[in-house]
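Down below is the structure, laid out as structure tokens.
Naming follows writing order (A, B, C, D, E and F), and every chain is counted from residue 1.
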Amino acid sequence: MNPQTRALLMQVSAATLCTVLFKRGLRNQFIQGVHPLNPARPNMVGPAFTLRYMPAREDLNPISVFNDHGHPQRQAVERCPEGAVLVMDSRKDARAASAGGILMCRLMQRGVAGAVTDGGFRDSPDIARLDFCAYHQRPSAPTNLTLHQAIDIDVPIGCGDVAVWPGDIVVGDAEGVVVIPAASAEEVAREAHEMTVFEDFVQEQVLAGRSILGLYPPTEERSRTDFAAWRQARGR
Amino acid sequence: MNPQTRALLMQVSAATLCTVLFKRGLRNQFIQGVHPLNPARPNMVGPAFTLRYMPAREDLNPISVFNDHGHPQRQAVERCPEGAVLVMDSRKDARAASAGGILMCRLMQRGVAGAVTDGGFRDSPDIARLDFCAYHQRPSAPTNLTLHQAIDIDVPIGCGDVAVWPGDIVVGDAEGVVVIPAASAEEVAREAHEMTVFEDFVQEQVLAGRSILGLYPPTEERSRTDFAAWRQARGR
Amino acid sequence: MNPQTRALLMQVSAATLCTVLFKRGLRNQFIQGVHPLNPARPNMVGPAFTLRYMPAREDLNPISVFNDHGHPQRQAVERCPEGAVLVMDSRKDARAASAGGILMCRLMQRGVAGAVTDGGFRDSPDIARLDFCAYHQRPSAPTNLTLHQAIDIDVPIGCGDVAVWPGDIVVGDAEGVVVIPAASAEEVAREAHEMTVFEDFVQEQVLAGRSILGLYPPTEERSRTDFAAWRQARGR
Amino acid sequence: MNPQTRALLMQVSAATLCTVLFKRGLRNQFIQGVHPLNPARPNMVGPAFTLRYMPAREDLNPISVFNDHGHPQRQAVERCPEGAVLVMDSRKDARAASAGGILMCRLMQRGVAGAVTDGGFRDSPDIARLDFCAYHQRPSAPTNLTLHQAIDIDVPIGCGDVAVWPGDIVVGDAEGVVVIPAASAEEVAREAHEMTVFEDFVQEQVLAGRSILGLYPPTEERSRTDFAAWRQARGR
Amino acid sequence: MNPQTRALLMQVSAATLCTVLFKRGLRNQFIQGVHPLNPARPNMVGPAFTLRYMPAREDLNPISVFNDHGHPQRQAVERCPEGAVLVMDSRKDARAASAGGILMCRLMQRGVAGAVTDGGFRDSPDIARLDFCAYHQRPSAPTNLTLHQAIDIDVPIGCGDVAVWPGDIVVGDAEGVVVIPAASAEEVAREAHEMTVFEDFVQEQVLAGRSILGLYPPTEERSRTDFAAWRQARGR
Amino acid sequence: MNPQTRALLMQVSAATLCTVLFKRGLRNQFIQGVHPLNPARPNMVGPAFTLRYMPAREDLNPISVFNDHGHPQRQAVERCPEGAVLVMDSRKDARAASAGGILMCRLMQRGVAGAVTDGGFRDSPDIARLDFCAYHQRPSAPTNLTLHQAIDIDVPIGCGDVAVWPGDIVVGDAEGVVVIPAASAEEVAREAHEMTVFEDFVQEQVLAGRSILGLYPPTEERSRTDFAAWRQARGR
């Protein structure tokens, strides 16, 4: 993806992005019910590479399926591009794992930007200590074969009730994960950057005792001139 | 599908089929949370033809998408084979419809055996009056574009937490819907038929005042000889 | 409300209304999770008159509160205008009743058009036999005082996740209930009527063996001319 | 149980009983989320006889467990006293059945008054046609061994979030099921009978056009004298 | 509020307060499903000032609504009294935010004691770092306009299934939030203080190896005399 | 329990144990929806000692019930054997507490290995600071009498949808809790230990840049010889 867009998205919040998308009529781009295993990490930014799970049927999912190098889960881990985010459709079912610590290690080692499931990860305490961004619903120790069969790679999926198309730009912060349609990512990133600068100004003013009325949004002329001056002074 | 298998499956219950599948280690073949719109109909039997929905993004799902003859929902309705069952993965979300009355009419008219969604149908009162088997979670008036985007046809899906592979044999009765793996359908049908004959005998005995102990299952020799005599007498 | 609008709305379905509203950007006007106690009744149509419940605190809700003629639940029943629909915000909690048979009788007797709760009614078998439209989530025998305190009349509320403003036009059929913003009710009714005529034509064509492609929506010229002819022939 | 108490309870509603219990400080005696398989039947009345299920472990629950005549589920069916109600704690889990048609037949044949589960029954269409009262959450075809292991008979249990002690009086109508503590059953039955007579009077008055204010509850003197006269006239 | 009451409530736990309220027949005063964004903070104590949200209708909730200085959400933030707790009824829906970081800053700066929603806050990582008590269900990045319309200020509401009346005393600790009816706050605070002293004694005894039987509650005379001595020795 | 088995189980993860159990056909041994109050603690290992709660009826559960030294909750705390794990069936209902800080102190002081509820603990911040392993769903301040009546000790129960038989070996780590049938505990512990050694090897290889294909599982001969060498070199 565009390095400038990535750089901008590293510095904005999921909340700000949601507002920018809301203004474009996209009201449902925040993946519901997931959180970062390690909330202290920097933003996760990258294009979506997807993995679709379906319910597992017992006879098709013995432990031996992993002997097949072509198993979609393992293929997803080896083929997810550097810099991309692996997004998994686990049908919001965290009763069995979507993946575990070793696969997350491999993704990290391959330069993947992060991983998201609307189910749960196993080995979650280990994953939380990796230098890697991972988001899930809750820890889940049972192997994915218990309930999930990996079936498709790089197809459009749902994750946490959000449409995820391969190539959409996925951004995660300590709050959660937002999905930006590929075509509007640059524009959204720029607008979110502008909005972040303004909100930094507002925050400072509010901490200095100013009311939000007239300031947020800046319906008073004074708010706009103050912001212009502040921005110039800060060089932002 | 094999007409003899179909004939047998028209006469057995979802409950009996679940027990036969349970004995083969398949514990999760009953589609959870769906019921027939018209419970007075005969069984629905046919191979699965599938339709996968993903969450709808607003900008991709204006009402005009149906102007495209290739739209997967409309294609599914026109391509689902005669005698097959159209099974839809609606992610168990009934807040918007999976399909409505006109599409069900068209399926009926084309000789399709039935339709199942783990979401909801709209025009449900009309559908309930058709000469057609339909199963859903609950009525849902909003157009599918509100929340569901049709994306794939005839791929493996989940429906009501059950794995559905294209070609699996789908059987519905007044209780609900069970999915039989294609490869074992004939064998399962035969065993379910045998079990049904035995349970008819048991039911008759119980109504005549006999205890279930030793009879159901027939752990007493007498139960087995009585059944043999009963079966011969009835010619079953 | 306008009698012509009412007449039109008596003849269209909740599904059709949802599509008309969807085209206007209103995607969330179908009250989720409620159904009619008696699905054989004609449509329910009328402006919303609302009642808001909040959680009941034990010390404020002994049985004696109903000795107060000013109790908001009883006031709502006596003040809901003739022809209106009493819509109750029960916070989707059906563990205790929103109201019971005697209050429904009184509403019916007063000429109220119907009642909707996103909780449950008690005496539901009796209510189902009244000449009155009532919609709820599920039967609930416990008195409302157990969990619900009536607190406000004729204020904007939520019902089944839908915004309901006093005066909005509420339409219920055998499928469920849809809420039309007051200002657009006439226009929506007219468009829904037109759409119903067209769908009657489509249904007839489909039952006669015609494909939905090109017909629904009528992307082919022939569909539009056939419809024009059909409409003229039927005088609709 | 006392035949007079039973006779009174055959004629009152679950709703009325809930109000009588509410006045005694018992706010949680209505079994949540269950309904009758056949709502056209008379009331179900009888003392509770209980069966407790726990989650099934695969190795302990092959189909062969029913060869054991001592299996608690089968014992419960053979030992539940005539006139009693078999109440099952299925942990509100209807993904597998609590029992099926043959066991319900046997209970009916043995003179048991009814059966309640907070899970689901299999063979539910057959059960609905029996001369027997049965209440559940929803139909469920999978055998109980899939998820439920019968473990205890006649112990205190929970059913639909309600405490059920063996011997409590269980009353079901078309709306649902209420549990009356054994010690207060007679008193509760008498008060519910009185309340039913009064509500019949109120219903008649309301249908004749009278306001509920002052009548229900009868805060006006006139309401009380009218009721006295009405009661005498009807001989109730 | 009474400074002594506040001082006492700063030192007791939500758990102890729930027990004191339970003894008074109030069983449902703990806000279900919320937790502090920063669990390391001191107690939050103050009278409730409320904000009610209803579902948002798309046409009434464009981003421009915040240009109106009278918008109820913004008014709530500017009018919530110093020392009060802003409690929001978000219908337990955390799919969109109830409020965000800048509004929390403003509340903090204005001397408000804390904020509670039964939905979610956006900018939650920022809020967690403020010198301010905030409680929610889970982080939620989408702007409140997506799903919530602020409609009323300082009316009785529900929050997490609890009745909250303006002026009720709200107490939050690291475990959660409890609501004390205004009229009994002083009495409850005093009793909770007494109970806390006793439980400190019990905890010390238990850590020293004493059984809870006879001690907790102090059914043995020795427990009561030991406590009296301990209390005198500690000057509590 | 066997000290060697305990020692092995102190060093393996819940995830590894789930896989070993999955291979034996046990797919449902991970307690769903619970997490440790203090995730930094070492593993919790011990045989299950159980406590069953049922729904509380108001008249049977005044605060005075704890004056009875024989109350099952208090008995459970005093009788749970040293080294065992107290597992509570709270019907997954965390709206009221399963137990609180003083009881956890007493269990810790008595040498109990830990406590698990599928509901919630009160005084959860205090419990998190104890030298004691405790697992629950979420904090819950209301006293257990509000919703839970302790009824049975040391009977088979369900906890988080898992069957727990007294004497089963319960293992908790930072991810969650797994239940091992008593009879297979030693064998499972040994296999889990072996698997842990292998996964430590795999993790090291992956961090060094090796692909998971052929390595995990070790389908390539080289993976097996490398592991043998690594193991010898590490003396494991």
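We adopt the following convention: a residue touches a chain if its C-beta (ideal position, glycine included) is under 8 Å from a C-beta of that chain, and two chains touch if they have at least 3 such contacts.
Note that the structure is a prediction, hence the values are computed from the model and not measured.
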item	value
Duplicate of the A-B contact set - from C-E, A-F or A-E, the pair where over half of the pairs recur	C-E
Cα superposition of subunit B on its sequence copy subunit E - rotation in ° rounded to nearest 5	180
Whole-Å separation of chain centres (CA-atom averages), subunit A against subunit C	39
Geometric centre distance via CA averages, subunit C-subunit B, whole Å	31
Centroid spacing, where centroids are CA-atom means, of subunit D and subunit F in whole angstrom	37
Touching two or more other chains - residue numbers and ranges from subunit F	27
Pairwise chain contacts, counting only pairs that touch as defined	A-B, A-E, A-F, B-C, B-D, C-D, C-E, D-F, E-F
Of all residues in subunit F, those that touch subunit D in their complex	24-29, 54-60, 91, 93, 149, 151-152, 155-158, 161-163, 181
Subunit B to subunit C touching residues, read off their complex	63, 66-67, 69, 74, 77-78, 95, 97, 100-103, 105-106, 109, 122-125, 138-143, 145-146
Contact footprint of subunit F on subunit E as seen in their complex	13-15, 17-19, 22-23, 27, 30, 32-33, 35, 39, 173-176, 178, 199, 202-203, 206-207, 209, 211-214, 216-217, 219
